[in-house]
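Below, subunit A partners subunit B and then partners subunit C, in two separate complexes.
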Partner chain A sequence: MQRISELIRTRAGELLESGAADQILGWENGGLAYDPTPAFFTADNVAGLVYNSFCGINLSKYLIEKTKGKESGKVAALLKPCDTYSFNQLLCEHRIDRDKVYVVGVGCSGMLDVEKLKARGFKGIKGIDEKDGRLTVHTLYGDKSCPKREVLMERCISCKGGGHVACDEVVGEELTPDAAGNRFAGVEKLESLSPDDRFDFWRGELSRCIRCNACRNACPACSCNKCVFDNSRSGMAAKANSDDFEQNMFHIIRAFHVAGRCTDCGECSRVCPQGIPLHLLNRKLIKDVNELYGDYQAGAAPDSRSPLISYTQGDAEPDVIYERGGAR
Partner chain B sequence: MPVKDENKADFRPLIVAFCCNWCSYAGADLAGTSRLNYPADVKVIRVPCSCRVNPLFILRAFQRGADGVIIAGCHPGDCHYTSGNYYARRRMTLLFSMLDYLGIERERTRVEWISAAEGAKFAATMSEFTQAVTELGENKRLGDIRCKEYLNS
Partner chain C sequence: MQKLPVSRLPELFARIDGMKSLYLPVSAGGRLQFGRWTTGTAYDPSRMNTVKSAKDFFFPQSEDLVFFRSKGKELSITEAKDPAEPFVLFGVRACDAKGLEALDRVFLSDPVDTFYAARRENGVVVTMACAEPEETCFCGAFGVDAAEPGGDVAAWLAQDTLYWQSRTDKGDALTAALEDILEDADQRDQGAFAAHKAAIKAILDDLPLNGLSLEGFGGDALEALFGSDKWPALSQACIGCGTCTFVCPTCQCYDIQDFDTGRGVKRFRCWDSCMYSDFTLMAHGNPRTSQVERFRQRFMHKLVYFPANNEGMYGCVGCGRCVAKCPAFMNIVKVIRTLGVNAHAR
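Presenting the complex of A and B:
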């Protein structure tokens, strides 16, 4: 990773120097070793560019604002393979001007979930080293080690794999995380519960929501200029949910609004300060779409058509969800 | 403030029916002119097309005290706008599945295709749906308590 970080920094410098890009969109060190922060770099500060296994942040959404307007220059964006799905999806929706973006693909061998590290008792993290699937964490209290696959982010456990789907060049080599989980395992487990248990589960989770809107703001698919939740007449703009209904409504609408467009990048769950497993809502919709309308991966191609903006005459009737029976 | 009778026998549900202007609303009209009975608990809201029904409309209906929501549109293939009901079909399938996933009774939501000539079907569907919702009882899982107090006062 240290080596790839070097390679990326060098390449970023070259791109800026040759004029191929006016700015680089990447990550810089945050206040702590495990929170790299998105940043735009020019020749002055490109030395601060970092890339490590804590760079989970999906940068594609920043390109919407950056490529707006006539004056904006060319941006070289560092995108991990799963970020390129979001990038493609935004291209699909004409939110990004492709001509103003130069996509630099960066390999990813899975990003780390710092909460999982903390849960293992790794406190005071100063840095990490990885070798052959093993992670060494440098902490204030000495070095600790663990297999990397055990502390991967939820989204990386069931990595889409297959490398970048949209990029102008790849720096370093394509990598794949050492994990092959079933991404619908969590959804299936919930589906197997009784409706009452499911209701209790979601009450327990959603009642913790503080309506910070982080899930909405981080989501690359949630990029409307005007959001229904910002409408002062909706009665629920810019305030905490006041009851069960508002919690349900916010999360149903948030998840439903990205149905067919969600690339399963997992940003919603990552940013949730309350640790609500929001990806379980999105994955349920993805699973339903796959089962009812054929396998569909949003963002796999820049011209893909979402299942919700198309139809076939023989589609299942809404009753199908009753017929599938039981708790499904 | 009158106290709402929790006894199921006396429970009268509030049903919101979103009816497409071109088929189901005319079907409701036909049911009326044909003197067919259907429960007065059904409140019909006319929409230009079944695909006009935003998921938020359904949630809002539940919030403000509805115990069941039914969407009635033209039969697939008969949409006045060619394809609106096809989109509505996909959308509502996913939304209902989502509600079910959250543990909200799936019997409270329904989509039916009712043409302008099917007055009898309109009356029968509404009676049956009202019956099913009455058996389920009050909507407690997706209602807003504040709105309920308002309704009862």
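Presenting the complex of A and C:
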């Protein structure tokens, strides 16, 4: 990881020096072992650019603001393979000006989830070393160790694989985490429950929601200029949940709004401070779209067209819910 | 000082809950939250901060204020009653207890917020010293001593013994009500107790964020900091969500809104976040139209405006929740390091 970080830093320096890019969008190290922050770099601060196993943050959404307006500068964005799906989807939706972006694809062998380290009781984390698929975690209370694959981010456990789907160059090797699994396993488990149990599951999970909007704001598919829930004139603005059911509706509405556009990047679940498995809502809709309209991966191509906005005569009829809903 | 064998904690909890509702940190969906104690509830003192702070029990995320109902030409207005539930909040960390002092400054100064005042009156805070703080903790920078927590009663868990020290009249009353279960600590306990506190202090000194300097901040730093050219770079990672403000034990801004129940209107107040685009929205619009300004507001409030209005007390207690929870890993520590006098010192 150290080596690829240096490769990327060197390449970023070259891009800035040659004028191919005016700024680099990447990650800057924080004060802890796992807290790199998204940042824009120029020649002055490019020495602070890092790339490590905690660079899970998907940078594609930052390009919306960055490429807006009349400024003509070019930004070189460091995107991991899965981030490029979000990038493509944003291109489809005309949210990013492609001419102002130079995509530097960065190899990825799976990103780590610090919450999973903490859930194992690793606290007081001072440093983390990675070697041969194992992590050594140096803590205030002694060294701990675990296999890397057990603390990968949810999105990496079911990595899409296959490398970058949009980029102008790749730095480092194209790698895939060694944990690729069935991404619909969690959804299938929920589908096997009775409607009542499923309802209880979600009421339980969503009861922890604090309406911080982190899921929405981190989501590359949530790119409305003014969200209906922030608009005091919409009649449904809400900073807190007025009753318990409302928070359920918020998440369900959001999932439907991004249906067919969600690339399954996993940011919603990563950022939730309460650990609500929001990606399961999105994956359920992705799975339904696949089953009803044929396999579809949002963001796989810059000009892909979601089945939900392309009418064909063979489309599913609304009554399909009677067969599929599982209600008695 | 009193003491109790750790094995008798369930008994203590049952006794407390028999008198007042007992809330303590419990696991919910893998995350730690303050929740109601029931028989069999496990208390794990090694787990640190709850996701939401103790603030929630005195200044809840949302609460009803008044109800309006109309019937023909009659309009009825019903005020919500002051909360009256007597409760004990057990296992509050030193940072959260200090956070309540910051909230007191806001809600107990004139005009007194009666809902908050009633909850403060009804609630007894039992703190727990932090034997195993996290790497995200930096309470020391804000004058909090995790080995010597505040609250109405302070408690320590050293190996097999719970030490219990009342700090206020309310604490004395709770201690007196528990006198048949708590034992008096004697001279022999003092050694073990002192050693426990010394061990905590040693770890606090070793924390990675220890030594964070507040030089350059405070009530008189307005001009030096407000116009700093570093705000745009600091704020560009911010995604404008409310996570930092909602998990914060001292953020106290709220909004008042009306909810149409279909048969009337429920007026409630709820936490607000300066990170939101409609924060302080008025008839003429929003005074802070960009995320840079909103981001700056949060840190200026904590590090400059709050101390300016509260005899130097900062609006941060170093609990580290924002450090752990920010989706973009941008936080007050990074702001302090970037803007402080010792900007380049670690």
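To be clear about the criterion, the second predicted complex is superposed on the first by the 315 of 328 C-alpha atoms of A that agree within 3 Å, B and C clash if a C-alpha of one lies under 4 Å from a C-alpha of the other, contacts with A are read in each partner's own complex, and residues count from 1 in each chain.
Convention: a contact is a pair of C-beta atoms (placed from the backbone, for glycine too) under 8 Å apart; a residue touches a chain by one contact, two chains touch by 3 or more.
None of these values were measured; they are calculated from a predicted model.
Engineer: Examine A:198 and indicate which partner it touches, taking first as subunit B and second as subunit C; both and neither are also allowed.
Structural biologist: The answer is first: A:198 touches subunit B but not subunit C.
Engineer: With the two structures laid over each other on chain A, which partner does A:256 touch: subunit B (first), subunit C (second), both, or neither?
Structural biologist: first
Engineer: Who does A:42 touch here: subunit B (first), subunit C (second), both, or neither?
Structural biologist: After superposing on A, A:42 lies clear of both subunit B and subunit C.
Engineer: Which partner does A:2 reach: the first (subunit B), the second (subunit C), both, or neither?
Structural biologist: A:2 contacts neither subunit B nor subunit C.
Engineer: For A:10, decide between first (touching subunit B), second (touching subunit C), both and neither.
Structural biologist: Neither partner.
Engineer: Of the partners subunit B and subunit C, which touch A:190 in the superposed model: first, second, both, neither?
Structural biologist: Touch status of A:190: first partner only.
Engineer: Could you tell me if A:57 is touching subunit B, subunit C, both of them or neither one (first, second, both, neither)?
Structural biologist: A:57 sits against subunit C, while subunit B stays out of touch.
Engineer: Output check: A:321 vs subunit B and subunit C. Expected answer is one of first, second, both, neither. What do you get?
Structural biologist: It touches subunit B, and subunit C stays clear.
Engineer: Residue by residue on subunit A, keep only those touching subunit B in one complex and subunit C in the other, then list them.
Structural biologist: 242.
Engineer: Which part of subunit B faces subunit A closely enough to touch in the complex?
Structural biologist: So the residues of subunit B touching subunit A come out as 55-56, 59, 62-63, 76-77, 83, 86-87, 89-106, 110-111, 141-146.
Engineer: Which part of subunit C faces subunit A closely enough to touch in the complex?
Structural biologist: Where subunit C meets subunit A, its residues are 28-31, 33, 46, 48, 51-52, 61-62, 132-136, 203, 206-209, 233, 236-237, 239-243, 245-247, 255, 257, 259, 266, 268, 270-273, 276-278, 281, 323, 325, 327-330, 333-334, 337, 346.
Engineer: Subunit B touches which residues of subunit A in the complex?
Structural biologist: The contact residues of subunit A facing subunit B are 190-191, 195-202, 228, 242-246, 248-249, 252-253, 255-256, 259, 281, 284-285, 288-289, 292-293, 307-309, 311-313, 315-322, 328.
Engineer: Looking at the complex, which residues from subunit A come into contact with subunit C?
Structural biologist: Checking each residue of subunit A against subunit C gives 30-33, 35-40, 57, 61-62, 119, 121, 123-126, 139-141, 204-205, 208, 210-214, 216-218, 226, 230-232, 237-242, 267, 270-271, 273-276.
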